[in-house]
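Okay, so chain A shows up in both of these, paired with chain B first and chain C after.
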Partner chain A sequence: MTDLLLLLPVLIITSGAILLMLLAAFENVRDEIACFGAMVIFLFGFCMQLFGLGQGDARIFSGVFNEMLVGNSFTAVAGLIITACGFFTCLSSHTYFKQNRFITSEYYALTAFAASGMMLLTMAQELITAFISLEIMSLAIYVLVGMHRRNIKATEAVLKYLMLGAFAGGFFAMGSALMYGGTGSTKFAEIAGFISANGFFASSILVVGAFFILVALLFKIAAFPFHAWVVDVYDGAAMPVTGFMATALKTAVFAVFANFLILDGGLQASWVEYLFYIAVFTMFGGNLIAIGQNSLKRMLAASGIVHSGYLLIALVAFTSRDFTANVIVFYLAAYAVATMGMFAALSYLSGEDEQRITFDDFRGLAKVRPFSAAAISIFLLSMAGIPPTVGFMGKFYIIVNAINAGQVLLAVLAIVSSVISMWYYLRLIITMYFHEARDDFAVAKSPLAQATTFFLVFCVFALSLLPVSV
Partner chain B sequence: MSNELVFSAIALLGIAFIVPLLMIVTGVLGPRVGGKAKNEAYESGIQHVIGLADQKFSVKFYLVAILFLIFDIEAVFMYPWAVALRELGWFGFIEMVVFMLLLLAGLIYILKKGVLNWR
Partner chain C sequence: MIAELLFSVFAVLAIIGGLGLVLARHPMNGAICLVMTMISLAGLYSLLSAKLIFVLQLIVYAGAIMSLILFIIMFLNIRKEDLPKEEWRWAYYLGGIVVIAPVGLLMTKAVKALPGSEASIMGNGFGGVKEVGVVLFREWLLPFEIVSILLLVSLVGAVVLAGKRRVEQ
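This part shows the complex of A and B:
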């Protein structure tokens, strides 16, 4: 019974996605119905996912699935973040597509398909399952990025993402094959067991395979040497899609990354040296890119790279399995709330065909729309890590975790990086508050994106009160 | 560093040099035969490729090819399933029914979308 409850959210989202797809086949069905259908599905999935909280490892239907899937509190919280992100994406899409008319009803089906792949990915405990769910997620996301077929920027984005993403998928498949060759198993736990018994360098196939998988995962989270695609892809995708990618996709990939590394000390210990440098370069490289950007979307994309760097710190600084997992998932939630809110706000503020997109376009927003400007400021402060927001608590736990693990240098560098990141977050606040308005900031008639924004402002403060058990 | 690692690194470097070298050598040594038909781009039966790379053209062939692939793979899956059906029992049967129903949903979708109408 517990098994079914743990698997139910995935089943709901998947069957909901298929229903939405069939619904989209009928031409007389309006997009709005698909939108509300998707909201109901995501909300239902979210509620079902709540049952998974507070549980230890449960191998879901171990007889049938051969222990491929594991449900525990970590996967449940990741699932909650993903379904919530899907729900808020549908809400902000409703408003966004009032002014950007390139929607087809398949959009919502694809969002649900992507979410189902992500949820499977968080539960995957085995390389082939992880690969398949990674591809379910990626294929749906590729289509979502290229949804605006007549737009040359979206076409460029989808081409870049598809090419590079396909290579990353290939790397993952090759790495899985090599790891199987090296260790005789595709299960994370058995691979880790092999490494702690024989050492990482016992088998050269294993080293190469682990390197390939590391490349694929680092690509998906946009970490340092593989971060170049993220700015262009986020820039070309539609606003709600960018928000969905930035939050839900990152949550899913970090969950599988954490599962893969932390399940047993074996794998993590052999990679920790390299991950240290990758984390540092990701933080500072992301900051350097973000400082130079003039478009808000590109700035947020680059700041996503920086946040990947902070999350990598948690992977490097491994204290205890539970605490590190909690820290990662808390930071993912903190980042998701602020980023989702930011993109929901931009969904209704960017106007027709995303005409307001640069820093200058938002001059004097506070004079015309004081509440929206205040909400955006709160999200930015949360991303920068100012108390009493959830972003501060997330960074706080990351740094506590790093110091507990003895990585004091990394903790200091994280603080330096977050001070640097103030530059581009505060720049937008200054633009909004200390300039005269030249625009009337007309928005679409649907109030859903506004509602999302203000609800997420509440979440920024509410989530910061959640305790993380040590 | 084990010997195997050193060997694989050398092999990798060797490939990284030999493959580009071979491509350059064939370019230099190989005979050059020109001609209109040879220099024309081959684009799966579409003649006279002109214009920019992002221009629109008919996707009918690609759609049919992809749909064929999907249902072909379905048939491929059924062979090992049929061989192992006795051992799998009812569980295997239900699994296959679920798989077929998912593909049926896809078939309904493409039929409704008119993908199979050759306009």
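This part shows the complex of A and C:
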């Protein structure tokens, strides 16, 4: 029964996706109906995931599935973030596609498929399962990015993402094969057992395999040497899709990254020195890219790189398994709330055919739409890490975690980086508040994206009150 | 002895095929090179006594998928003047080698550290349909099941990206 409860959210989202896919084939099922269907499915999955929260740590159907899936509070919270992101993406898509007509009703089926791949990814305890889940997620996202076939930017984005993603997928598959060759198993638990018995450097093929898998995962989270794609891909995708990629995809990949890296102290300790530099370069490289951007979407993409850097700090500064896992999911939730809210706001404010996307387009927004401008400011302040928002608490826990683990330098660099990031977050606030409006900011008459934005403003404050056990 | 000789032949052919795929200018030549790699890989599988995978590699990959790819290239009717001018191709090759070389060195180091072993025919029907099926459904049920979701996603994705749209404005 516990097993079923833990697996139920994935089953709901997957069967919902299949149902939406079948519905999309009917002539008289318009995309609006598909949208409401997807909302119901995500909401239902979210509620079921809430039930699964207190179910403890279990290997799901360990007999039939051969201990390849695990359900615990970490995967449950990651699942909650993913389903919530899916739900809010559907809400903002409803408004967005009123102003940008290029949707087909398969859009929502693909969103649900992507979410099911992500949830499987967080639960995977085995490399081949992780690889297949990763590909389910990535394939659905590729198609979502390339949804707008007439848009040359979207085409460029999907081509770049597909090519580089295939490369990363190849690295992951190669790495799994080498790890199997080195340890005789693809299960995380058995690999950890091998490493703790023989040491990480006992088998050179294992080292190379782990390196390849790390490359693939670093690519997916857009960490430093593999971050170049992210700005163009986010820029080419539709607003809600970009929001979904920035939040849910990052959550899923970080969950599997943490599962893989922290599975054994030996594996983590061998890479920690390199991850230190990757974290530092990711933070500062992302900041440099973000400062130079004029388009809001590109700025948010680059700031996503910076946030990946903060999350890498949590992986470098590994104290205790529970606390580090809590810190990571808390930060992911904090980042997801603010980013999702930002993209929901942009989904309705960008107007017809995404005409308002640069900083200058948002001049004087506060004079015309004071509430929207206030909401955007709150999201930006949360991303920058100003109290009393959830972003501040997330950064606070990450820095506490780093100091507890003795990584004081990393903690100081994280604070410096977040001070630098104020530059581009405050720039938008200044543009909105201290200029005269030239635009009337007319938007579509669909209140769902607005409702999402204001609900997420509430979440920014509500989640910051959530205690994390230290 | 013969097994080792066969291994070397297949391995070299597979690498030549792979190189040809990357270096050939016309897609048709590239596809033919890929067929060569696929067949050599089938040979390598047979050396490992993987009967079922050997057959699948020949029928599905070298046979069905490659002929589909060849058909598509023929449909496109690509002529020499359709191909893009690649004036900087040597620079790209050089850059590629610089990037790939460290990874290749790492791989050779790892492979060299492996203990050598004799290739011999495995008994007990190893690699047969029944044995693979038993392993697949007893130990690898979950990956087997979620692959069907993956195929479904790629199917829907192909329809969305390439199919005719109902609402195209």
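Note that the second predicted complex is superposed on the first by the 467 of 470 C-alpha atoms of A that agree within 3 Å, B and C clash if a C-alpha of one lies under 4 Å from a C-alpha of the other, contacts with A are read in each partner's own complex, and residues count from 1 in each chain.
The working rule: a contact is a pair of C-beta atoms (placed from the backbone, for glycine too) under 8 Å apart; a residue touches a chain by one contact, two chains touch by 3 or more.
Treat the numbers as computed from the prediction; the structure is a model and nothing was measured.
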{"item": "Which of chain B and chain C A:4 touches, first, second, both or neither", "value": "neither"}
{"item": "Chain touching more of chain A, residue-wise (chain B, chain C)", "value": "C"}
{"item": "Chain B versus chain C as contact partner of A:201, first or second or both or neither", "value": "first"}
{"item": "Touched partner set for A:152, first chain B, second chain C, both or neither", "value": "first"}
{"item": "Which superposed partner A:18 touches (first chain B, second chain C, both, neither)", "value": "both"}
{"item": "First, second, both or neither for A:26, with chain B first and chain C second", "value": "first"}
{"item": "First, second, both or neither for A:288, with chain B first and chain C second", "value": "neither"}
{"item": "Footprint overlap on chain A, comparing chain B with chain C", "value": "18, 21, 64, 204, 207-208"}
{"item": "Chain B contact footprint on chain A (complex, rising order)", "value": "18, 21-22, 24-26, 64, 152, 155, 201, 204, 207-208"}
{"item": "Chain C - residues contacting chain A, complex", "value": "106-107, 109-111, 113-114, 138-143, 146-147, 149-150, 152-154, 156-157, 159-161, 165-167, 169"}
{"item": "Interfacial residue positions of chain A with respect to chain C in the complex", "value": "14, 18, 21, 27, 31, 64-66, 68-69, 101-104, 106-107, 109-110, 113, 116-117, 120, 126, 128-129, 132-133, 135-136, 139-140, 142-143, 146-147, 149, 158, 178, 181, 203-205, 207-208, 211"}
{"item": "Chain A partner contacts - residues on chain B that touch it in the complex", "value": "1-2, 4-5, 8, 54, 91, 102, 105-106, 108-109, 111-113"}
